[in-house]
Structure formats: structure tokens, C-alpha cells
């Protein structure tokens, strides 16, 4: 009985909310609670603040105000489904689901509902194959790019040869953590280095065995695909066993301030990948501060502005806003539909000039999207933690992945997916 | 005045042992079924089905299964998540290996496979009791999750380690995959819920159910009056795992469509289902439904109030949600220690005497 | 060990049959403690056999040996002329031995009816699938069992509490329900462990009547442990007396009453030393 | 392979240390279970809450700042002072005592005489509640514990043992934090034993653990004892939270350390403090050694399930646990 009254309540409220949607609706599936809250909060702050800035500065996008609908997922797939279903009725234009589980969940759903999905540097790597996944975009880079960028960086450090080196991958024992294995195996064969896999079971609070193994085997480099508490513990344990931090590289989800600060000074020199640049002096931050924070429209308490994940959230919002602008340009209407936004994403072109114009010069690499390639350029930078100044310092410029290899792997996996699901690849 | 036994004389033992001995209950039961099968499919939308009904129905099956083991037989299990994973992966392997066989059969077979696995992990229950057994079932939970994560055969060697349900049809209507109409996935789950609830009810009111309850209430006395503890406990594990396996298969194939074992079937799932039957009421089929409804709908309900009505920040609401759920559990316990099902029974007893309580 | 090789006729004219259960030189130890020391006695078909003795004499342990719950270190149990191999308690129950317990062992979470129905478990032949579907054989069996149980309910005059959860019953009724559960199994041998403990005179009279009726109407062989000497002497055909795990007397109530060892050990309160 | 042999020993040593960390968590469970028969599901969350409170007090955070700001539109976060560690620890203990009192007063006092499953369930509610309150009070970002606990490998052990196993052996690695944890555990257990042996309240606590009715009849206040026990468990939770939090920062995942304690409890028995310690050591060594020897063959990450399987195997042969008394069944 009880259930039915609840259902009706939900029904009516969903209907009421749905009717109010006249502006550009951007759902923000955030996770400010649960085990990964420390990562979810700054990202969501950045994502929302940028749209709020657009509203305050430009009156929205193309004259249409943006309405951000935040929905808390707690990084939990079932709550993610609830969030998706409750927001899609409001005319959601683009989803940024943030968790691997929710992404896999939403790939078929958004495809059926014809709403574009942007999984920026996470999710299903082979979704870069736009002909198989027309509604899914994972630009500017994916995990396989990341693995390749890391190896290219190491090649650079070792005068072009990794022959005889021993590289270990410390990974979260889940779909996410296992992503780079295939790529690294291929690269190991190509460059002649030994590749060791070291799994850490969720949640990763206890990594003594793994780090004793690293201490015993003394790999030259340790790459890390970690998440949540695993990152903090790994960095602390690396310091404990005396593993040189400058030979320890995390991927871009293992390279935020909160990953390194718990270990204090011991984390100095730790490396991580990033898909965007960190630069607190970008004009856009000043604008956010004055036009969003001081106006009292900020999503968070302001303490995260300029941090790694805040910047990434803002970058993601910028990419979404640019795609919407592009869609408006292509279709000639301001009040775009999800399908139009998809077209905008597929025609997206990010140039240095445009980024400079937006007050975030060089924040990301230049790239353009096409029907065949939803994955962007795959470039990444290597940044290093300076514990004394408590800041990340970019060590390199954007490094390219080994495109031929990655493209081959993507083609292989997406073809298999297409076959399993009776999809005929093609452009929309 | 309608709700009473007086005047509703039973003239046969069959009539006396039926599921709902009171006429009004029977009408209500048929009414609920009729609404669920004939009316709701025309009313529901994506949101109601995917966010509320599917999780409610699927968790109900799991809760019925666990209730048979824990509520009726007294064997506390924390392996539910692992067994749901068995159901899900069995269903996935069957779906991809025999694409032409009906998905409904796959789901049933997945239940059967889970029953076998569950029976195997039930063997220690012959020697280990109480909380010790609960912790022992955690071995099953962690091992199974690790296994499905580690052995690539289970996920058909896919690069991501995720399993995705391919599209399958029943009577020409898609029931899995992205193009499933909301009403179809709802009906499939409803059919399985009805089927499982009926079986559970029949088993628990009959000889097997009495054996289970005898083991639960006093295992030594049960053995002396002729209950074979091995058989009773293992049948409970088997039947329970059968249901849990079905729920896992539906959870994967119909509800989520894509899962990763550690995230979807981790230890949290085991706890969640256990909480459901404890809150709903141990040893009660209705309790399984009540508990599932409570834990599935309450957070959504609180979110609606907090975020949509009051406009609070989402993280505050999420934190308050935990506080409120915790407080409600404690409040219920202090007021009615035996769960929602007991609350319901007390309400019925009062109703039966109404309007002359003395 | 038993002197009488064929049946005998009791004072009230009932014919007692052959030896049903024969316990031969049973010794039971818990760790270093000998609970039962080399005891032998038999129970004949149709007889009411009492086991008496002071607290801690090993009486309940003896019943547990018969039930198969304790496995004696030494000695043999013969049932219907055959030596019983080591068995599990539930197998003993299936051979037709039912019992009640000293500290009531009812299933507290179930109704009176369900408790008594558990006595019929050994008569349920339908499998799990049949029970899951309920229709057909399973339902027929259920109804047959229910009819049987209703007869027991009528017999023990507990119709009014049929649907009550046993947890709510007073002590005396619980004892009666426990007897009903044992009777529902239609046992050949019924073991009663202090069926009248804690009862008032009226309740004891009722219980005594039930025991006699069971023996009389169903021809059930009964072995009982009881402290009330009056009841024991009235009810039983033959009596075994135990003390500190040893048998100190065995015979008709009259014989036992006059046995000096028994008087010393048990009734010795009134006997001057 | 002498180096491998010494590395095996190193794994065992580190397993022992990890075992101490597990035992620290298990202790809290044992204290409450022994005195009141409650299986306290909230123990892990208590560790998180205690550690959060400690950091919050030290840093002068305003409790419930986010809630207050959202409700009244204010912008308060910090009091602007820093509390010295020792004082903060004392204050945190005070908070845990108040928590213990509240739990008795508002929850368990109303549940006297209920079955264990009901009490267990109440602690589930408590866990939800406390998790929510912890987040509301102190926020959900990762906090750094600045207690100055030593961390990192003990170099002198490494240097002293480096020569043992040839060139491929780098000496035994022992984390200084683990040494501190071991020391703390020894002091804690010794303190608990001394408390229960030599103080009036301690003896009362033991009496209650042995027999509620008898304890009541000699005039021991059950209410007081239970508040005492929950306070002690809160203190143990604080210690466990600090030790684990030193590695990972204080964050939500701290509450998951309870899962590491369950196999320990299974092995050691729910009622035995020595059991918790020995159980922890066995589990620690067992899972580390298994990962070292068998892990590489099956792809690693075996520790989570192996701890439980080890405990399970053990229980099959000894259902009463390591220190439990043999169960004699009677009817």
C-alpha cells in the first residue's frame, strides 16, 4: 500500500518538475557522499560553477540560460539509475556520469533514449569508436591513451629505450583498474620491458603485501590505476618502503591534492598524469570568484577553486557548453534538443584561440571530434607534486599516445561489441 | 467490521491452511494482484519502473530468498551478494551461449545453478552456528566476487570485465537490452516475484517449512523428533539460493543491463538484503516485501522531499538521509522490535477487533 | 539380562508382549565423569516402564541414549530383537521412538498446530517440488496429517489453543502440547521425561489419565521418568531405579518399594540408618 | 634461494604487524559483545566518527558548518584556533563517552531483554545514523591526521639485517607505524586487563559479562556498566581510527576496516580479548603468507577472501573458535 502512495508522489513530482523545463538542462550526477566524496565534490563544484558563470556573464549559452540539476549518486550504480531516470524527463541535454558502473549502465540507455553521454577520460574506452557508439563520447583522452602516454614519457626519460626495464602496474582490482593491462602488455612486447601486474582488492586500505612485493622486485617504475582510499594508502606505502616518488606515476584519477596530502612531505615528487593543465592564474577563475562566488551562486564553499578536480570539472563543463554552442550554430536554434547537442559534440573543435578567448588558455590540448573518432587526441601531461608549496607542477607539455596501437585495440573491442549487440557501425 | 474471522467458517482443513484465512485478506490479495498485473502496466513510466518498481520487486525476491534461510531456518547469511552474482553471471553465460533459448528459462536455470552453489557453501552450516556462520558465509561472498572478477571466462573475455545483457525477447517484446519498454521489464519481474512468493508461501506453510522452523527454534529437539538437520539446512540453502539467484539474474539482465561484479554484488549488497528482512520482519514473506519497499523507496522519498521540495543541497540531503534511515530503524525497534511485518500484524489484530476492542 | 523371556500379564489384566528395547551394559562418560555405569534393562511391548532416581542419577542421559542423542562408550542397544548400529537421533525417531523433554523443547516461534504437525514429518513423503506446487499429493498428505493431528488435539483436549503461538501458553499446556507432538508421530515407543514436573495435583491427574489412555487406546509402549512416587507406583508396570549412574533396582512397583537398596538410596529419608 | 626464505620471514613479520592492526579493530567488538551480547555493527563507523572528531577538534572546525551555512546563509567554517593533540584526544574521548551515554539512554535502555538479532539490528540503525552525523558534523573531505606518528620503514632494522640473505635481500622491512601500533596494542590490552582485574568497575564489568542476573543481584548497575563498556569501545575505536587513519587520511573508507575484523572475531571468538589478539595475528600472517606463496599463481588480491576462508576452515574443525569453550549440547 505504502509503496503505491510513494509511487504516485514520485510520479506527480516528476511531472510537475518536467513541465518547468524551458531552458538548457544539464544534469550533474555528483557524488559528494560515500567513499569517493573527496574526489566528487571538487569536480561537481567546478562543473556547476562554470555553468553558473555562463549564466552570470553571458546570460547562458546562445541566450538560453542553463539550469544545472544536481543529483547525488554516491558513486552507486543504482542511485545513478534513479538520477538518470529522474533527470532525463526534464530534458537533460548531456550526461557526465562520472562512475564506471553508471557509465556502463547508461551507454545502452542513453543510446536508446538518444541523449549524448560524455565520459571524459573514464568509462568504456572503445566508445571512442563513434560509429559503434554514436551517442557516447570520451574525448579528450581515454585510459589506453593514458597507459601509452605514460610509456612514452618513460621512453623520453630513458633516451628512447625501455629495453630490460621492469614496469609494474598497481591497479584497483576492478574493471576500471584492469583497463590499461591489455595496452601495457602490447607496449611491453614492443619496447621490450618486463610488465608486472599487482592487484589491490577494493577498497585498498591494506596494501602491505603489494608494497613488500614492489620492494622485493624493485621495478624501475610503478604505474598506478587507483581510486579512493587506495591512492592515499599507496602513496604512503610507497614512501614507507622508500620507493622513489619520481618513478611512481598515477593516472589522472590518482593525481589530485587529496591523494597526496595525507602522506605529507613524504609524497613530494610523486608523478601523475593529467588531461588538462592546472593553473590557478587563469582569468576564468577570477571571473568565477567574482561573478559566481561573491554573488552567492557557488556550488561549494569555494575552497576547491583551481584544484585538480575542480579544474577538470570546469573543463568538462566548458567542453559541454562548447558542444551546445556548436549545436546551436549547426541547427540555428537556441533551445537545442539532446540529439542536436550530439551533433554539436561530433562537430566539436577545440582550438587554442577559443580556449584563450574563454579565459582558460592552454587548459587542454587542441582537438576535434568526428563521427569516426569520439575519443579526441589522447594527449596527456605529466605533473609532479611539490609538497613544500602544496601544488602540482606540470613537468611536460602534452605528450601523444601511440595512436596506431590504441586505434587498433579500440577497433578490435568495438567490433566485438557491435557483433555481440547486433549493431551495424555507421554515422548518424 | 469487514475484517474478521467470525462468520467465515472453514469447513475443510484445506480451507483452513490456505494462505489468507480471512476473506478480506483474500480479496485484498486478489485486488493487489489485479492492480499490479492489469492496471499498473498501463500507468507506469520509465522513472517509476527503473527507479522504484524494478529494484523493489527484485530486492523482494532476494529478501524472500534470504528470509527462507535466515528468517525461517535461522541460518544467518552474509553471502547474498555473492549468490546474486552467481545468478547474474550464470544468466549472462547462458544468454550468450544459447541465444535462442527463452530468457525466462535462462533466469530459472540461473536460479538452479545458484541453488547448487549455495548448497555447496551451505555445507559448513552443519558444524558452524549463529554469528559464526554469518561470518563464514562472508567467505563465499568475497571468494565469489574475486572469482568472477579474476576468471575472464565468466565475462567472455571482454576488455572491460563488465558484462552487458544482450537484447532478448518474450512474445516478441524486448525484456532486456536498452529498447525494453518500461511495462515489459516491470511485468517480467512481477511474474517472477509472484512465482517466487507463491512457492515460498507453499514451502513455508508445509512440511518442509515446519522442518526449517523447527531447526531454527531448537535444532537439537528438531533432530530428536525426526528432522534430518543436514537435509533441512541444505534444502533451505538450496531454495534460498534459488531465489537469490533469480533476483541476481533479473538484477543484471532486466534492471541494470550491465554490471561489474565488485560494484554491483559486493558486500554492501549482502548487508542491504539482510537489513531488508530484519527491518521487514524475519520469518515473514510480507516482511520481505515490506523491508524491500522500505529501503528502496525511503531514500528516494527523502530525496524528493529534501531536494525537490525543500531545495536543500544534495549532499546535505544525502547525509540527512542516512541520519533519518538510522533513526527510523532505531525508532521502529524501540516501538516494535519484530519489524514492519509485526507492525502490520498488530494493526490487523486491532482491526479484527474493531470497533469493539474489549 | 532380563529374567522374563516371554510376556506377562499385569495386575489389571493387560497382556504385555516381547522385549521391544533392550539396553545391554550401557556406559556413558562425559570427559572423565561416568554418567551411566554399566546399566542394563529392557522395555516390553505395551508396557509402562518407569525410570526413577534422585537428581543427577543419569535418568535423562538414559533417555538421550535411547534417543540416539548421546552415543554410549560401551554397551549395546537392541531394538525389536536387532542390535542397533550407531544412528543419528532423527533416524531413531523414524524407527518409531518419540519423546518429550524435561525442559520443554517446543518450537517457540510456531503455533500449537504447527508444533504438533512437526510430529507428522516422518509421514510426509511428497518431495520439495510437490510441496512447492502444493496441489495434488502434497496437499492430500497435508490434509491427512492434519486429520491425524486433529484427533490428537481432540484426545488431549487442546482444541481451543490450536492457533495460539506456543510462546504464549502456560507451562501446563506446553507440556500437553509437547505430548501431542510426540503422539502425532504415532510412536511405538514413547519416552516421557518428567511429564508432570511442576504441575499441580489436578494437572497431574489429567496427565496421568492421558498417559494411561495412550497406552490403553493406542497400545503405545511408554517409558517415563518421574519424581512423584505416588504417580509412578500407580502408573507403571515395572520400575528401574538409578542412583549415581548405577542401577540399584528393577521390578514391579511392589518389588522396588521393598528393595532395601532402593529404600537406602532413594527413599532413605524416612529410613533410619 | 636464501633471499626468498628471508623474504618469507619478512612477510610473516609484516603479517604479524597487520594482525595487530586487525586486532585493534576486533577489540572493540569483543568488549561490547562480552559485556552485553550485542554484536556492534557500528564499531567501524565509530572508528571513523572518533577519528573525524579528533581531527575536527584539533583543527578547530565548526561542527555542522555546512548544515548551518546552508540553513542560515552564513559562511562559517573554522573557529580559527588549533587544539593541541593531547587535549583534543581527551575531548574526543569525552565525545565518545557522551555518545555511549546517549546510546544507552535513548536506545538500549528501551531494548533490555530483547533477542540478540534485535540488538544487532539496532546497531545497524546506529551505524547509519552515526555515518550521517559524522558527515554532517565534519564534512566528507579527506582529513590529514597531524599527530606526528612515525611512519616509514625502520632503517636500523633494515641495515642490521641486510647482510642476511645475500645480494638480493635488502633487509627486513618493518613499518615504524606498525611498531607503534604494536606498542599501543600491548599497552591497551594490558590496560584493559589491569582495569578489569584491579578496579572496582572493572570487576563489576567482568561480573556482568559472566552473568547479568547475578551481577544485578549484587547491586551492580547494568546501565552504568554498559555506558562504561561502550565508552571503552569508543576509546578503542578512536585508537583504531587513528592508527588506520594515519595511513590513509581520515575518510569514509575508515568505516570499512570493520570487515577486516570479522574473520579475526570468528577465529578468536566473540568473547575473548586474547582471542582477538591471537586471531588477528593468525589472520594477518595467514593472508600475507598466502598472497606471498599462492597469490602470484592465481593473479593476486587474494587477501580479502582468504582471511575468511582461513577462518572458515578453522571453524569447521573447531566450531567454538580458538578460545571458546567446547560446546556441550543438552536438551
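Chains: A, B, C and D, in written order; residue numbering restarts at 1 for each.
Rule of thumb we're sticking to: a contact is a pair of C-beta atoms (placed from the backbone, for glycine too) under 8 Å apart; a residue touches a chain by one contact, two chains touch by 3 or more.
On a predicted model such as this, the values are computed, not experimentally measured, just so you know.
Asker: Tally the contacting C-beta pairs at the A-B interface and at the A-D interface, and name the larger one.
Answerer: Between the two chain pairs, A-B has more contacting C-beta pairs.
Asker: Of the chains present, which has its C-alpha mean closest to the combined C-alpha mean?
Answerer: Chain nearest the overall C-alpha centroid, as shown: B.
Asker: On a C-alpha centroid basis, what's the spacing between chain A and chain D, in Å?
Answerer: It comes to 35 Å between the two C-alpha centres.
Asker: Return the distance between the CA-based centres of chain C and chain D, expressed in whole Å.
Answerer: About 51 Å separates the centre of chain C from that of chain D.
Asker: In angstrom, rounded to a whole number, how far apart do the mean CA points of chain B and chain C lie?
Answerer: Whole-Å distance between the two chain centres: 42.
Asker: Name the residues of chain A that each touch 2 or more other chains.
Answerer: 32-33, 37, 41, 173, 201 - these are the residues of chain A that touch more than one other chain.
Asker: Could you tell me which residues belong to chain C and also touch two or more other chains?
Answerer: 69, 101, 105 - these are the residues of chain C that touch more than one other chain.
Asker: Among the residues of chain B, which ones contact at least 2 other chains?
Answerer: Counting only residues that touch two or more other chains, chain B contributes 146, 220-221, 224, 313, 315, 319.
Asker: What does chain B use to touch chain C in their complex?
Answerer: Within the complex, chain B touches chain C at residues 12-14, 16-17, 199, 202-203, 206-208, 210-211, 213-214, 216-218, 220-229, 235, 239, 283.
Asker: Mind pulling up the chain B residues that touch chain D in the complex?
Answerer: Where chain B meets chain D, its residues are 124, 127-129, 131-132, 135-136, 138-139, 141-143, 145-146, 150, 220-221, 224, 267, 275, 278-279, 282, 312-313, 315-316, 319-330, 333-334, 337-338.
Asker: In the complex of these two chains, what residues of chain A are touching chain D?
Answerer: 32-35, 37-38, 41, 173, 197-201, 203, 205-206, 208-210, 212-213, 215-216, 228-229, 232-233, 236-237, 239-242, 258, 261-262, 264, 266, 296, 301
Asker: Any idea which chain C residues touch chain B in the complex?
Answerer: Interface residues on chain C, with respect to chain B: 67-69, 88-90, 92-94, 98-99, 101, 105-110, 114, 117-122, 124, 126, 128, 131-134, 138-139, 141-143, 145-147, 150, 181-182, 185.
Asker: Would you pull the chain D residues touching chain B in the complex into a rising list?
Answerer: Contact set of chain D toward chain B: 39, 66-67, 70, 106-107, 110-111, 114-115, 117-118, 120-122, 124-133, 135-136, 140, 259, 262-263, 265-266, 270, 298-299, 301-302, 304-305, 308-309, 311-312, 315-316, 319, 321, 329-331.
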